[in-house]
Every structure is written in C-alpha cells, then in structure tokens.
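Got some structures for you, see below.
Both complexes below contain chain A, partnered by chain B and then by chain C.
This part shows the complex of A and B:
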C-alpha cells in the first residue's frame, strides 16, 4: 500500500514538473510580448545585456507611433481580420459539419476514396497552393476581396475529418427512429446531429478561427493595401533598413486579444469537449 | 520566350475579344498564351478602363497603379502628383513593405495577372524577376525616347538580357567612405590625403585599443567583397553565365579584406544591428563604406552626430587606381501582363519620373535618392554645402564617383554567391582558409549548387 502511494507521488511529481515546464514554455513568450509592448524600443533591444522583466510605461507611446504610420492601418487590419475569421469560421463550421455528417452517416459510391482524397489534401503546404489559387481566384474576379481568402479553405479537410470522427458516435438507431417519425434528412442533421456536437463544434471553431487568423502568405499575395489582415499588416513594419520592433510588439500583443476573447467565450464548451472522450460508459 | 515574342499578337487578341470577334485567331495562339492573362483580369490597378478602346496606337489608360516601398514609394508620390498636374491621368502609388512587395509582385508575375502598371525593382533582383518571363521588354521605348545614354552606363547591365531591356534605371548608390571627423581628429588620425587601402590601414593603426577604424561584419562579407570587386571591374559571372569568382581580382579583394581584419583596425558588429548604430553614435567605429543613401539613414537614426561626419572616395587598391563603386540601386518595370493602354501610361509616367532632371532632383532633395540620370548631376543641388558633413559638398563627390561606376552582372545565382562568400570568408578570417582557398571554395560551391560551370 505505502509502496503504491509512493509510486503515485513520484508520478504526480513528474507530471506536475512536465506540465509546469509546458506552462512556462507557453507563457513566457506571451508575457515577453506584453512586456516588450510597454518598453521603449531601446530598452527592448538592450534586453540581452540589460534584461527588463517588468512592464514599462511606454505602451501608449508605442501605440501612438503604430497608429501614426501611414502604410499600416492597424485598427483597420484588426477589423478586417475579425470579419474574415468570423465569417470563415461560421461558414466552415456549417460545411465541415455537413461533410462530416455525410461521411459518417450515409453510404454512397466511392465514399472511402473520396474521404481519403480529402484527407490527402492536408499534406499540401500553402506555399504550393498560392499560385494556382491566385489564378483561380483572379479568374473568377475575386482578387482583393475577402472572399478570396475565405472560400478556398471553407471546406476545411481537417474540419471534415474531425466532424466525421465525432459524428460516428451518434447512434444510428436514433437517426432511424427520427426518420420513422417523419424527420427530413436536413432535420436529422440540424435537429439531432448538430446539438449533440456542440462541444466538438466549439473546439473546431477555435481551430478554424486560429487557422484563418494566422494565415499570412495568401492574404499577402491576394489583398491590396487597404484590406490587409493582421499578420500582413504587422509585416509592413519591417522596413528596408529598419525593423520597428516597438510597434510590432504592440501590434502583436493587441492581435492576441480577439483570440483570447474567443477562448473565454468558448471555454466551457471547449473543455467539456476535451472531457467528453475521456470517460467511458 | 513564348510570352515575349507574342506580346504584340496578344494585344491584338485582347481587342478581338472585346469586339466579340475572338474565334479562329485565338485557337492558333492558345498554345503560347498558357499562363497569360485571363480576359478582363487586368485588375489590381493595371487596366484603368483604357484597354477597351486601345485601337489607336497611342491610347493611354486614365488610371494606373505603381508599387514601391519605404522612401522610394514616397518619392514616387512626389512625381505622381506632379505628373497628374501635367497629364490627364491618375497614378495611384501603393506603399508596401519591401519583402512583402517582392513576394507579392513575383507571384503576380508568375500567375500572369493582378500586377500593377509600374513597380520598383532593385537591380540585385533583376535577374530573378526577368527569369519569370513576366516583365515587359521596354527597350524599344527607351530607344525611341533617346534615354539609353542619359543614364550612367554601369546601370544597364543587370536590366538587360539577350538584347532586351526590362527596366528604366532610377537611382544608384555610389559608395563613399563615411567617417567621424571628430573622432579621428581627437586621435590625430588624418585621412584627408589617404588614397590607398595601405595608407588607410596605417592611419587606422594610430587609434587606441577598443577604438576601431572600420567594421567587418560576418553577416556581410559578401557586401564588402562585391563593393571592392566591382571597384576593380570584376564580374561575378561571365556573359554566358559561368561562375567567375575564382580569379586574381577576386583573390586581391579577399587578401585586402583579410589584411584589414588582421591589422586589428576593424570591429565585427552585425550590420544594421542596434549595437552597430550605437558604435557609430559613440564613434567607437569611426568609418563605414556605404552607398550615398547612407546619409539619409545616419541623419535619421543618429541626428545628434550631424556636422561630425565627412565623406571621402573609398580607398583604391593602388595609387591612381579606381575609387568608384556602387552599393544598391533600383529601377522601374512594367509587367508583361499589363494591358497595352495601361502599359503606355506606365511608360509615360516612368519617363516623366526618371527621365527628367526636375523629377530626379525633386526625389534627391526630399529623400536623398541618388539619381542615375547623368543630367541631374549638373544641377546646383550637387554643389550645395551639406551641414551633415560639416559643410562638405558631398553631392558633387558622389556625382563624380557615379560617372565612373563599373557595370556589374547580377544573375539568378546571386543569392548563392552571397551565401558562399559569407561562409568561406568566415573561415578565411578565422585563419582556416587562405584567401586563394576561400575564393576557390566559394566559386566551387556556387557552381555546384546552381549547376553552372566555372569560368
């Protein structure tokens, strides 16, 4: 008995150590961005020889410098990013859940090959897709439009995969009895499948939102100055001969806020989604 | 090739689409159009609505877009507003970050649509951009306007390939040796009569420990090598593209850099780092070789040092030797995909901005962009006393250097040269390779990685 206790204690100690290390590794860069955003650029650049670990009072000044820049409309880019990411997430949730439902609950010809073909597109790096996508988008007249960065990934293969895996857990009998009660196929998806998938949808929403929020190369290529999203706008702060670190740090720190809010908003669903798979009946 | 040789026919083709007469001619051309432009895809600034009525030869679009970065974009803004007053057209200047603009423009060249009528291009990128096949040969227009001899001769080489010219020269970076006069005076160093590197190094040795004459940054050996190799008339590639790094001239440069390093007069701060700027601010590094554009940077970053600087021609390798070389420089290009009417407007605007003395001087005055147009050097501005250099007439000095700059060939393999020189010169400075070996290894590495032959 005591032997077991001790072993458990050692395990717990190891677990906490690893978790603590992970927390530090995750939080330190985040903390450093926030600190750096409040320091004058010189203090930030001197951090190697003269570390400053506490926030300074320079935040508003850095923010003002950022807003005064003529080639970067920072607030505008946040608006653009929020619009694009929210629209994309909602649209993609609908498409992925519909796709996942079809793959999980219907039988049709070539179902498996189609599904694996969709999965296979996951290995294509974005760099490879930029030119073909640009051609496609420009030929349908969507250059410099937000739809150009929303539509190509709307049916996200990862999302379809996750939804399919989750929707397989919906009992067939449940759908069958609803059918007998006269529900249409759309009602099965909308009334039965979706409500049971709330937590998975929340988790997927975060993944999709982050994916779109962080997208850089394609928006850079396809959008013009006034329509830049956050990552593209931040990159404008790298000048030919100077990098404006103070302004980059302010922009980076502020660009985390919407993601943070989204997490808070979806946290309950998200956590229950993680726990959902952990307990067996 | 295909894209270039059919431009005329493509313009005809576009018109026929617009007139609804497409059909037969199209099919014959289809094989060649490939990645060409989709009908009606002259978006992103190219078309301006002029494409539809370009049946007459000289029709020009009403509105075009021009892309550039930093102060270059701002100076295009100056010429654009002047142009708009003279011509009944709008030039929309878009300021985009440097590396972003390169990514963006190159993908638009490759995809064949969405490029602006006019864009800036650094000479160092010329070979890579031309290789996309997406730039327009404007050689005919240049001849027609009689502009070929109007620019310093060293400018054309990278912009020309197989008899075609893909850009109009804009600015250059005649190299000067900038130095902190106050610091040198304080230590009894006098460079006013220095003509050669030998003399320069000897003067530098008079400085006390911890006080350096120059900087040799390990991240930029290639920049220093290129500057001196060009000064000696060296070409990194032969005309047919062979790697030409391993020769007596190149070894001479390597020996010179090694000698500067071994003499102890040079520090090794990473260039453009904040430590580098502080060293020039405090004067712990007293001199640097850089393009004329450096004045603007020093002025902006170290305003407190105004009046303490002087500039001289870079030291020669031997008495009476060349003291002219270049660092940097840009041009304006037109993409091949741009509609005929927009391209004509673009050329008209380029000619106005870069081919006239007034506009080049306006950009020089405001942003220190040093013109490649020879006529500009005759202006009074170049004789004006410059407060930043303690009243020295620096403009005239750079203008003198500018006329004597040797041409230099950049290719698509230029980035490999940068890597190879930095790697092997690092070993040379550390003493593991001799200058001869370093140069030979760099040449071999470039040849191996790019599949080119050694000259």
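This part shows the complex of A and C:
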C-alpha cells in the first residue's frame, strides 16, 4: 500500500514536471518577443554579454521607428489583414454553410461523388496552386486586389466538410414541420439551420480567420506595397539590406496580440471546430 | 406535380371533418416538398462556382502547364462568344510552348530539386514523429485525473498556434543567432554553443525545432479531445484483468485513439510538405540555403524569381503526387489492421 502511494507520488511529480517544462518552452519565446519589443536593439541582441530579460521602456521609440519606415506601412498592414480576414471569414461561412446544408439535408444526383471530389482536395497542399492562381488572377485583372486573396480559398473544402457533418444532426422532423407551416427552403436554411449551428459556425469562423490571417505565400506573390497583409509586411522588414531587429520585434509583438486575444476567448469553439472534422465519422 | 388528387381537388369526401382534411392536405404538401428539385443545387451553386474556378481549374491547369514552357502572360483569347449584345471573351491565360515531358525529364536530373526533396523528407522524418510523440505525451499527461488547472496548461501549450507564421519564424531566427538567447542559455549551463544557423545539419534541426514549437500544442489539443472520447469502462475492464499502466496504454488507449492519431499524422505530413515561411525566412537570415531549402521554397524561386512556370508546375505535380500517395498509404495502413 505504502509502496503504491510512493509510486503514485513519483508519477504525479513526473507528470507535472513534463507539463511545466512544456509550458516554459512554449512561453519563453513569446515572453521574449514582448521583452525585446520594449528594448533598444543593442540591449536584446547582447552580443556575448548578459541579455536583458525584463521589459524596458523603449517600446514607443521602436514603434515610432517602425512607423517611419518608407517601404512598409505596418499599422496599415494590420488594417489590411483585419479587413481581408473578416471579409473572407464571412464569405466562406455563407458558402460553406449553404453547401453543407445541401449535402446534409437533401438528396440529389451525384451527391456522393461531388462530395468526395471536394473532400479529396483536402489532401492537396493548396499553397501549391500558387502558379495557376497567379496566372488566373492576373488575367482577370485582380492583381494587387484584396479579392485575389479572399476569393480563391472562400470555397473551403474543410469548411463544407465540417458544416455537412454538423448539420446532419438537425432533425428532419423540424425541417418538415417548418415546410408544412409554409417556410421556403431558403428560410429553412436561414431561420432553422443557421441558428442551431451557431457554435459550429463560431468554430469554423476561428479556423477560417486563422487560416487567412497566416496566409503568406500567395499574398507575397500577388500584393504590392500599400496592400501588404501582416505576414508580407513583416517579411519586408526581414528582407531589407540591414535588418532592424527592434522594429521587427515590435511588429511581431503587435501581430500576435489580436490573434492571442481571439484564441484565448474562443479556444473552446476552436477545439470543437477542429474535432468535428477529425473524429465524427 | 398533381399526381396526388387530394391536393388538386381539395376537400372531396362529404363526410370528412375539416381538421382531418387539413391534416391530410398538409401531409401531402410536405411529401412533395421541396417544391422543385433544383433546391440543393441552388444551395450548392455559390460554393461550387468558386470551387470550380479557384480550386478545380487551377489543379487541372497545373497539370496542363507542366507540359509547356511559359513565355509570358497571354495576349490572345481562348474562347469567344459573340451573340450581338452578348460578348463573352475568355482570355488565354499564358503564352506557352509545348515541350511534352521535357519538364519532367529535367526534374530527374536537377540536383537542386533532389536536394530540396531530400531536405523536405529529412525534416518530415525527424519532425513529424517528434512532434506527434511529444504531443501524445503531453495529451496523456494532461488527461491524468489528478492534474489541476487543465485549462491553463492547455491554453499555454497551444498558444503558439496563434502566433503569426512569419513573426514566429523571425523570432526563432533571432533566438538562434550565434550570440542569441538559446546559445546564451546553453553556455550558461556549461554546454557548448551550437551553430544553429550556420551549419547545414543544425540549420535543418532549427527548422524542425521551430515547426515543432508551433504545432505541438495544436496536435496535443486534438489528441486530448480524442483521449476524452475513450470509454471509461474499457479502462475499468483492463484493470480487472490486471493490466498495468503500459498495458492499458498499449491495448486500450492506442487502438481507441487510432482515427485521431491518423488524422494528426496525415495533416502533419501535408503540413511539412508545404513548409515555406520558416525556411524562407531562416534562409534569408543567412543559413546555408542548400541545407534548408524545401521543395515549396524551390518551386517559389523557380516560378516567381526565374519565371519558369512550366517547370515549377511539373515540380508541383510531382510533389502533390508524393503527398497524395503518402497520405493514402498512411490512411490505408492505419485503417486496415483494425481488429
């Protein structure tokens, strides 16, 4: 009995050690971004000497230097990113929920083949479509337009999959009785399916928002100065001839804040949203 | 439409009570709804139009393009429809010269492509098992009944997934400098400094480390949720049979977790194959390019620095084929020996 207790104690100790170690490893770089953003460059690049590990008072100076940059309008890029991500998320939610509704609640010819064809594209790394998309977008005159990075991924295969999975749980009887009461098919979608799917929609919204917020390769190819999204803007800071690390750190810190807040508040939905696609068969 | 006589002629029987008739009518009405068969297509149409234009067409066009040499953006038109007032012109996408399989033949001899592919495979082979192993370990630890503050641990460990790709890659570039924080900590505890970015071997591992840092928490969350779906009775039954901790893991947890593990494995494999931001940024930060250049970075340079779009397309086709085969093999292997 005693032996068992001791073993259990050791086991608990090990478990907590592992978890705490993981927390330290994940948080140190994040903490360091915040610290570095508030220090003059020479203080955190500390060549050979002790690096500073506490925040300093240099944040505003760094921010001012960042804003004074000629080739990158960083605050503008935050605005661009927010606009693109929000528009994209809303548009994609509408498309995916309507499509998901059709797949979940109607019978029609070629339903299965169409659905599996859409599903199959999940295996493709869609970033690899950059070349044809680049040609397509330049031919239809969308180069350097936000629509060029919103439209191509709006018909999101993962989104339609999640929506179909979740909408199957809407009882047919509910839809039937609404039909009898004279609701049109669109009202069924709008008045019944959407409200009951609120939490799934929230989950999908987070996934879509994060996806668009982090898109890098295609915006890098398609956008010009003035339309940069955050990742492209930061990359512009790195690629310059002399790397201004203090400004980069401010940019990195600022770029992370909104998404952290979103993540903290909506974490539960995020989890369920991803899971809906992975586990339910 | 009017196959059911009761709906077209209304109330017929004299002896019917009005309520019955009404119910009957409603049922008949419900049976023939939705009112016209096109409804599901209407719901699907917006999705499908964008899907066809921006996903299905580009996939097909990549394959097409891989047989051509790109010579500039197209001037002429592919298709004209001219009906008086209606004038539709589908522009030709590009000026191309047919080269048959030449792009693919060139791939066979391109040492840089082979190098990029082997870098990618190296990163995949080290990173994916490492990450899934750590994520599974953390998920198991976090799933233990005695652990307090689960939500806090979970949030903290998963936080990196929300970090901006480019921002975090830049931060790692800084942390891993010769005189950066990581080496400072290493030398502080008496270990030698590591040439993270200047040695080919270590720069690859730096990328592995950065990717693992970002994605482990995300995968941990998925695995954790999977663990919570394992029925408690299975563990109780195993305990009655005298199973120890390891045996419970081996014979209950692992088999139950298989679909979730498979999902994590396939998505991670796809993710690693399209690795781009991290190597690009660490590249530009001065690491030996030859060691860290992934296939997608090479495709990007070929396509948008050299404008060899046909050749880059051929590479894309090959990469997609590899990813697809690998995913299907993983799915098959993971599904088949299901007892």
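Brief remarks follow.
The rule we apply is simple: the second predicted complex is superposed on the first by the 221 of 281 C-alpha atoms of A that agree within 3 Å, B and C clash if a C-alpha of one lies under 4 Å from a C-alpha of the other, contacts with A are read in each partner's own complex, and residues count from 1 in each chain.
By our rule, contacts are C-beta pairs under 8 Å (C-beta built on N, C-alpha and C of every residue); 3 or more make two chains touch, one makes a residue touch a chain.
These figures come from a predicted structure and were not determined experimentally.
Of the two partner chains placed by the overlay, chain B and chain C both lie in contact with A:138. In the superposition on chain A, A:71 makes contact with chain B only, not with chain C. When the shared chain is aligned, chain B and chain C each come close enough to touch A:221.
Looking at the shared chain after the overlay, A:235 reaches both chain B and chain C.
Comparing chain C and chain B on the residues of chain A they touch gives the larger count to C. When the shared chain is aligned, chain B and chain C each come close enough to touch A:130. Of the two partner chains placed by superposition, only chain C is touched by A:189; chain B is not. Overlap of the chain B and chain C interfaces on chain A comprises residues 45-46, 130-131, 134-135, 138-139, 217, 221, 232, 235, 237-239. Put simply, chain B touches chain A in their complex at residues 35, 38, 40-41, 43-44, 69-70, 73, 94-100, 103-104, 107-108, 110-114, 272, 274, 297, 301. Of all the residues in chain C, the ones that touch chain A in their complex are 26-27, 29-30, 33-35, 37, 39-41, 43-44, 46-51, 53-59, 61-62, 65, 73-74, 91-94, 134, 137-138, 141-142, 144, 146-147, 153-168, 170-175, 177, 179, 181, 184, 213, 216-217, 221-222, 225-226, 229, 259-260, 263-264, 266, 270-271, 273-274, 276-277, 280-281, 284-285, 296, 299-300, 303-304, 309, 312-313, 316, 319-320, 323-324, 327-328. Against chain C, the residues of chain A that register as touching in their complex are 12, 15-16, 18-19, 22-23, 25-27, 29-30, 32-33, 36, 45-48, 50-51, 94-96, 98-99, 101-103, 106-108, 111, 114, 118, 121, 123-136, 138-140, 151-155, 157, 160, 176, 179-180, 185, 189, 210, 213-214, 216-217, 221, 230-232, 234-235, 237-239, 243, 245, 248-249, 251-252, 255-256, 259-260, 262-264, 267, 271, 274-275, 278-279, 281.
By the touch criterion stated above, chain A contacts chain B in their complex at residues 42, 45-46, 70-71, 130-131, 134-135, 138-139, 141, 143-144, 217, 220-221, 224-225, 232, 235-242.
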